[in-house]
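Two complexes are shown next, each including chain A; its partner changes from chain B in the first to chain C in the second.
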Partner chain A sequence: MKFRCERDALVEQLGTASRAVSSRGGALPVLTGIHLAARDDLLTITGTDLEITVRASVSVAVTEPGEAVLPSRIAVDIVRSLDSGAVEVEVSGEEAKIVGGRSQFSVRTLPVDDFPVLADPSGDEVTVATADLAAGLKQVVRAASSDDARPILTGVLMSAEDGGLRLVATDSYRLAVRDLPDATVLSEGQKVLVPSRALDELSRVLGESEEVRVRLGEREVTFNVSVKDGEVQVTTRLIEGEFPNYRQLIPSSYPNQLTIGREPLLEAVRRVKLMARDTTPLRLTQKSDCVELMAVTQDVGQAHEEVDAQYDGDELTVAFNPDYLIQGLEAALGDEVVLETLDALKPAVLRSSQGGDFLYLLMPVRVS
Partner chain B sequence: MGDLPILHVDMDAFYVEVERQTDPSLIGKAVIVGGESERGVVASASYEARSMGVRSAMSSVLARKLCPDAVFVRSNFSRYREVSKQVHEIFDSVTPHIEPIALDEAFLDISGAHKLFGSSETIAWQLRNDVYVGVGLDCSVGVARSKLLAKLASEAAKPKATRRGVQPGLGVYLVPPQEETSFLQAHPVEALWGVGSVTFAKLKALGISTVGELALVPEDVLVETLGTSHGMHLSELSRGIDHRRVHSKRKSKSISHEETFAQDVFDRSHLVSEIIRLSDAVSTRARRKGLAGRTVHLKIRRPDMRYLTRSVTLSEAVDILPVISETAIEMLDQLDLAEGVRLLGVGLSRLGAPGPQQLTLVGEELSDPAWGQLSAAMDRIRERYGEAAIGPGLPRKNEGMND
Partner chain C sequence: MRLVIAKCTVDYSGRLDAHLSEAVRLIMVKADGCVAVHADGGAYKPLNWMNAPNHIREYEEDGELRWTVTNEKKEQLTIKLHEILSDFTEEMGLDPGLQKDGVEAHLQELLAANVEKISAGMVLVRREYPTDIGPVDLLCRDVAGIAVAVEIKRRGEIDGVEQLTRYLEYLNRDGNLRPVSGIFAAQEIKPQARVLAEDRGIRCLIIDYDALRGIESNELKLF
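And then the complex of A and B:
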């Protein structure tokens, strides 16, 4: 295998594909490698940990078609270290030569036959506008759990809802729901659970593309995006199992409603959080014309701030993990949000004051 | 550059000498403090007994074999604690920076005491004298730039038990900076903290038996053999690098209770009752200290003396009985205990103040608030009417005839 290409394009695509490479190969050492295939003036770079596969392609000048597996970390580091300009890669036997400017590297390759053969994506292709999906993912993915002991909660539920697409994620402390009314990806009644890590990778490459092509198979889903330097494909195994029945968690009515400017509240929360160390929660005392924020950490100090607001309900103090509240406020749409509460121990709802397609359910922290 | 800042003070045969104060007839005899029963262990041995090969933590049966003339004395820890407190008060008169390691052992940081009391050497001798005058007991003092060296130095200052009898010790031993390397490297590797039997075997396989030899091994070889943190740590220690400070306020790192059974236990329901009883003790002590822990430990010693330990880290810190006992029972059920259990222990670590509790949407909090109230009620009852006044209900032990 031998090809030449632009260093900047190669860095970009190599970096993207390498993010799926597992840091430790476990039973299959070849998985620490990155697969390169050159033919028809196209280089296809594949990294996988068997759960998530990222394939990035870039146009190159192929002198000699072929394929090889290079140790991922070192290949990425080498190419990144080179100056902009032409890079030449040549693989013969068990050795890969990488040449850029006056630098030359030779790297021992990994056995190409050991690299798993990845099935071509199945299912019909549908397209979704990138702008919608990107915004939805940004709002929802962060609410998913990162605890591998609870695999179901590490996923984002994608379900067909009134002809559109609904994204739902929860780590059991908060729940984010976003409706994309114009995205018809799934057929009515269909729902899949997609690992949030894969969607996080997808979000990173969405960038300036206009549309995302989605193919849903039996056990996996594939997203294709055109990027500046070529094409990126993210394929991920679907999570099996039943997502919690989130609808029953959302109370139908709330006695207390706080209407408040999103940005002023967000800024105040970020400030007061400075005095909320470790597990200290942030207390919100809701009064008729304002909300009082307070954080007290023993032996460190305290912070207090009032933000103007409009409040309907009985005076109520409720405490939250400040990070969860911040993430909810960042994700919420519009200039004004409504925080609805029942009491200090029941879930609160955060949404835009104009209604809309985003809802954030947040569980309080019990303070004694 | 200031004078040597760290003192390690270690009482000489502390328990034995306290016993000799109570009963002067023990003076000059081989004395062993510890249980004499079949399962007893040596808590402390006089230098006379040590010269016959008796060591701390040895089984009493073996100690008796090695030293048939030894007088066994039951340990009296409340008395040792009392004397220890007096000794610590003497330390306090020199510096507030004291890190107690055991009843008979402490590190002192004297870097701020020179103006008042003179050089490190002067302070060491004065302290040794003050302890003798104050409580009538001898101690050995190691003086050095680091905790590791100070500890080894106090060892070097101690009386030596040899086959020919007891050789008096130096009392105080200083390791000046220029002698650190030669002093340290002559020690066997076991002298370093963190070298237990497993590490010792690995080092032996590399042909390393002294600290000097260890210091010659490249760090990456040690990292490969022992893992990153342990390898790097030992490599540093072998070259005399030890940045640990004297921590005057030691927080408890874990709370645990254990029970050695008079006879090996095979019956699961008996073990479960013990776990509940031990978890009750652990949770009560945690609450009394105002602490909650995130990691629950189960420790088992089998009849062949091998330990099995397991731990589980929970999603939140707990201080109530049922979460601790249920977690421990889950761990118990994953162990093969066909050979029986000699000792059972339950512990709680990653301790901190019980914080505010993040509630979950689906109500799966570990600590049921009702248990919080119940525990508080139990604590109040015990405070008023004693430990035995109330306890958890235990499943009946299986006391069949052929078990």
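And then the complex of A and C:
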């Protein structure tokens, strides 16, 4: 295999595909490598940990078609370290030569026959507007759990809702719901659970392209995105299992409603959080014309701030994990948000005062 | 257990020769014959030691007390006790051994007592079901009466899947049990292990250790 291409394009696509590469190969050491296939003036770069596969393609000048597996980290580091300009990669036997400018590296390759043969995506292709999907993923994915002990919560539920697409994620402390009314990806009643890590990778490559092509197979889903230097395909296995019934947690009405400017509250929470060390919660005392924020960390100090607000309900103090509150406020849409509470121990809802398609359910923290 | 604090010199001869010059040290003689010489520092590692079985001889030479500790390999520790500051002996009895919280044995015990948590209608046939290649953690029957072998690990990695695969292959040779399906149960399962298990038709099960023990978190949760 021998090809020549621009360093900047190669480093971008290598970096993208390498994010799916397994850090430890385990039973399959070749999974620590990145697969390169050069033919028809196209280089296809594939990284996988068998759960998520990222395939990035880039135009190159192929002198000799072929394929090889290079140790991922070192290959990325080498190409990244080169100056902009032409890079030439030549693989012969068990050695790959990477040449850029006056630098020359030779790297031992991994056995190409050991690299798993990855099936082509199945299912019908549908398209989704990138802007909608990117915004939805940004709002929802961060609410998914990273704890493998409950694998279902590490996924984002994608379900058909009123002809559109609903994204839901929870780590059991908060839950984010975003409706994309114009995205028709699933047929009515259909729902799938997609690993949040894969959607996180997808979010990184959703940039300037206008649309994302989605193919939903029986056990996996594939997203294709056109990027500046070529094409990126993210394929992930679907998570099997039943997502918790979140609908029952969202009451139809709340007795206490705090309407407040999103940015002033966000800034105040960030400031007061400075005194909320480790797991210290942030207390919100809701009053008729303002909300008092307070954080106290034993032996360190305390912070207190008032923010103007409109409050309809009984005076109530409720405490939250400040990070979760910040993430909810960052994800909420509009200049003004509404925080709806039942009492100090029941889930609160954060949403835009104009309604909209985003809802953030947040569990309070018990305080004495 | 005998604990002697003494000003002593110690000489070891065996795989090499080593000498500890005169200083105050703790000499520990355990009931099984292990001898360890400790300085007043360091966490657990003695300056010198001899594992049991040992032969310990106490005698006087040149007006000084001496111990020689000799093992089967003819290695020898010679301790010259110049001044004994303390000599204390206590009968400690049998030790119940170290019990680690959350180790596989406890998980196995808890899951065996709660097999319905694995699957509704599941019944336990036997814990540590014996086979010629080792005991299977749990052998159960599911609601349809199908035999199910359960391998329990704290951390589910590929080795555990391979182990269960071997058991399943062996158990499926038994006409009285066949067909035997497998469940790989662990507090956490590595993605590669999950992929391998599922590829082999083995179900993965995450064990919530606290829930099995009936411990409820004080944290407020949505689910």
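Operating definition for what follows: the second predicted complex is superposed on the first by the 368 of 368 C-alpha atoms of A that agree within 3 Å, B and C clash if a C-alpha of one lies under 4 Å from a C-alpha of the other, contacts with A are read in each partner's own complex, and residues count from 1 in each chain.
The rule is simple: a contact is a pair of C-beta atoms (placed from the backbone, for glycine too) under 8 Å apart; a residue touches a chain by one contact, two chains touch by 3 or more.
The structure displayed is predicted, hence computed values, not measured ones.
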Chain C versus chain B on the shared chain A, clash or fit after superposition: clash
Touched partner set for A:16, first chain B, second chain C, both or neither: neither
Contacts of A:50 with chain B and chain C, given as first, second, both or neither: second
Chain B versus chain C as contact partner of A:139, first or second or both or neither: neither
Partner chain in contact with A:233 - chain B first, chain C second, else both or neither: neither
First (chain B), second (chain C), both or neither touched by A:353: neither
Chain B versus chain C as contact partner of A:151, first or second or both or neither: second
Partner chain in contact with A:367 - chain B first, chain C second, else both or neither: first
Greater residue coverage of chain A in the superposed arrangement, chain B or chain C: C
Chain B versus chain C as contact partner of A:281, first or second or both or neither: first
Clash with chain C, by chain B stretch, listed 115-123, 295-303 or 313-321: 295-303
Chain A residues contacted in one complex by chain B, in the other by chain C: 170, 172-175, 244, 249, 345, 347, 361, 363-366
In the complex with chain C, residue positions of chain A that touch it: 22, 26-28, 31, 49-51, 148-151, 153, 170, 172-175, 237, 244, 246, 249, 345, 347, 361, 363-366
Touching residues (chain side chain A, partner chain B) in the complex: 170, 172-175, 244, 249, 278-281, 298, 319, 321, 345, 347, 361, 363-368
Residue ranges of chain B touching chain A (in the complex, touch as defined): 353, 355-362, 364, 369
Chain C residues touching chain A - in the complex, by the definition given at the top: 157-158, 187-196, 206, 208, 218-223
